[in-house]
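Once you scroll down, you'll see the structures, which are given as structure tokens.
Each of the two complexes below includes chain A, the first together with chain B, the second together with chain C.
Up next is the complex of A and B:
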């Protein structure tokens, strides 16, 4: 019983810490959903590109962690810019499903091309991602907080704070909030909607890049399929927490982290994803808007 | 243009672009090779995961095949009706995806008109591909594909049972693991707590646990102290490793591939979980195990079919050739199996006495199939004698490898026993 309590606590803490990366991916999704009401399915590409940019900065260039994160965010942001220019901007007047399908195509195309390039250069399923915090940690009694997980949570927290400052304390944030309410009103008020949306794509993708770096670092591995996995986890987190809500993305990501590890611990790994899906199902029945989302007016 | 017209225009344009892209991809995918009879070659197909998950196994296996083909062609090819005919190897990348493998298999059999299809690696893909084959030869009611296919690696026990056109040169996994457990018990036992970790979304690892490890434990009246699962793409293994540690595991069975093994063993190192013995399957035979796993993978023992330390000179030649072409320092067994597999196919083609003409393709395929089924006392380049058994599996001796000092060292051989 003693060990059970210890392991339960340890698992919950690990889940919370690990879930912060899911939250970062979910923030990227929720920013675009909140502003455009489209699912940016190419968001996983930003995670993958951020992961590899970070890996190269750390293992080839030997740059420190904090520089690597910035590079990963810049690389992710560049991909976000491309998504805006290729998948959204030329199709902005089309039905809302069209840009979403375009992001799906962009995701598949870039991932396939990347895998070919990757396989040509590396001849490996995965490559090493240096983890400067590996082996470090804080021991509180029998509970150990992994150093790299603490760093992950700290970076995620810093990025969330920065996002809040941007959204609630800057003109760009004000413009984003206005556009989130209504694009046409934004236009009438003189907001450069196109530019603000480009900034939103850049921002959301930069968060994806940071998530990619942290996911790679904590696993000590970089692999070309990281984006696909991140899409599933990120979408799940966003919907669980509440689509379009930044606090929802955070709650959803952390909840998913805890849910995954606890279901493996308490039941069986075989049911991990089934339990997570069941939880999502229950949440959506009780609160269709997600844990922290706002209830939308009925359409009919 | 009105807003509605614009919207319709963009929608139509997007659909049109998507259609053109899809049509281009389809055209690229379905374009067949020129008939092999016209350009004087024998067509063999090679389906492997050359990119994405499985690259670590597929690329070495493919290179082994390429080295073999280059060698055969450098000697002029295979003699058909008194004339030397070269081999053309058509390479396809299944990315370890069953749906992709099935489409490629059909393409190789129908569009490319391959005499033999070699591949693939992951049992889940091989099993799916072979599902297209005629189950029993000469069954007039079964319109399945009739082309001999040989996998040089798929390890899932009984996988050739899918079709009588299916062959394998990989090894007898239940026998491999029974031997490994027996030898480890004799040398390092007794052990108190046997536990297993299985890659639950990978057919070979699940089959290895069910058909090889579990029966081996049952024969010893052992119930696993702990059993955990994970997926090959998982990134956190903390819960599973903690359970294994709590169970005081001293004999750890790692039925999983490198993708998960590295992450799991790194977590084991973090948590200080170091069992007395760790055995694994061929999924651990990849350079990443030592490059990425570093100290954490030290001591893992797994079976092998061919090792670069074998004394046969041709093995050293193959290893040197592989290193020259890839700049790698270690040659995994998949290179040797690929090379050897092509040589087995060559032998079958020679003995079959094929005509290699368009009108004889079906007959030629059948003759080659029968010769593959009849392989007996074939002298491998690696020094051992090979035989095809009734299940269409090549029977071969078992060797063990141990990860030691950051290298894959040959650890046990049938003739010399433990080497260190």
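Up next is the complex of A and C:
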């Protein structure tokens, strides 16, 4: 019983630390959803591109962690820029479902192309993602905090703090909050709505890129399906926490991390996703607005 | 300053604004009067880029405004207030005015916080605007907590923060009690005395006649009269429109 309690605590802590990557992915979805009411299904591509950019920077170029994560964010951000220019801008006056379908197309196209490249060329030799924090960790009694998980949480926390400063302290953030409520408000105050939205795409995609780096590093692996998995986990986190709110995305991501690891620990790894999905059902029946969701006073 | 010629807007077969000409000189306080549904707000929506005209020209300081985005029209110096108040409800009064200054900044300036030293001049300007619009005691309240009369002031404050050359006011007195309306009339006179050109839309005939030095009257989308308060007051078409005499509408 004693060891079980230790293991349970250990699993929960690991889940919280690792769940911060899901929170980062969910924040990317939340920003675009809050601002544009578009489900950016291409968001997973930013995670995958960030992951491979990070992996190449670490394995091929041998760059240190902190440089790699900046490269991953830049690579992800570039994908976000493309999503804005290809999927959103030309279609912004179409029905609101049209840009979403465009992001779905973008996702499938990029992922398929990437899988072809991946399976036919040289990426296979480089999939191992070096983890500089492997084996490191802090022991507190019987509980061990894995080094790479601590770093993951630290990076995620820094990015969340930066996001909060941006959104609640700067003019850009204020413009975003106002645009989220009503695009015309932005227009009539002379806010450059198009540029602010591009900034939002870049930002959410850079966070996706960072999540990709952290996911790859902790798994020691960069895989071409990382994007699809990130879409599922990110959307799950966003809805579990409460769609459209940043605190909701964080709560949802951390909850999903704990849920996944606990269900692997208590039942079986193979039922992990099924149990997590069941939990989502239960939560949504009890609280349709999600764990931390409000009844939509503010949209991001 | 603002020249409108042959401006029309049709929705389906209905002509909401029909071949309207207007000329508003610098420093004028121009009134547009008309019963509800006479096309006043549609006219404003075209002037501010929210609607594309079906036909006609809009020139502001010699520049063509037709087809320009609302944002670039604000940048050109045309600001407006709405009849139905629209603003971000989770922001404070100060933040709302502050956000409207965005167009004075480059993109880099957007990343500054309210308290940055480089933003001091803009913050001082916000204070001045809040003072001018009686909002200073309420600066740190949430916009949604303001009483209705002050919400109107917030609309004006936000428009002023864009540093307009001309201010388009869409029924600013709607929903106000008589004493609030008198206060608003004084405020409008003061804004004009500060050098702002103003176009005022109203269906409150007394307010327009009491304030404006030139008045155009719209009915069913057409301009039926234009002139000074006295001229408009004695125009038989205007009297007919306001007393609700049935007149056959000439549809295009």
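The working rule: the second predicted complex is superposed on the first by the 288 of 300 C-alpha atoms of A that agree within 3 Å, B and C clash if a C-alpha of one lies under 4 Å from a C-alpha of the other, contacts with A are read in each partner's own complex, and residues count from 1 in each chain.
Note that in this section a residue touches a chain if its C-beta (ideal position, glycine included) is under 8 Å from a C-beta of that chain, and two chains touch if they have at least 3 such contacts.
Predicted model only: the values in this text are computed from it and were never measured.
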item: First, second, both or neither for A:268, with chain B first and chain C second; value: first
item: Which superposed partner A:101 touches (first chain B, second chain C, both, neither); value: first
item: Chain B versus chain C, judged by how many residues of chain A each one touches; value: B
item: Touching partner for A:178 - first (chain B), second (chain C), both, neither; value: second
item: Chain B versus chain C as contact partner of A:5, first or second or both or neither; value: neither
item: Partner chain(s) touched by A:161 [first = chain B, second = chain C, both, neither]; value: neither
item: Which superposed partner A:113 touches (first chain B, second chain C, both, neither); value: neither
item: First, second, both or neither for A:169, with chain B first and chain C second; value: second
item: Touching partner for A:191 - first (chain B), second (chain C), both, neither; value: second
item: Chain C contact footprint on chain A (complex, rising order); value: 165-166, 169-172, 174-175, 177-178, 181-182, 184-193, 195-196, 199, 297-298
item: Complex contact set, residues of chain A against chain B; value: 3, 7, 10-11, 14, 18, 90-91, 93-95, 98, 101-102, 105, 115-116, 118-119, 123-128, 134-135, 146, 215, 218-221, 223-225, 229, 260-261, 264-265, 268-270
item: Complex interface listing, chain B residues touching chain A; value: 3, 6-7, 10-11, 14, 18, 21, 50-56, 59, 95, 200, 228-230, 233, 235-236, 238-240, 242-243, 246, 258-259, 262-263, 266, 270, 286-288, 291-292, 326, 328
item: Residue ranges of chain C in contact with chain A within the complex; value: 48-50, 69-71, 74-75, 79-80, 82, 86-91, 95, 98-103, 105, 107, 109-114, 158, 161-162
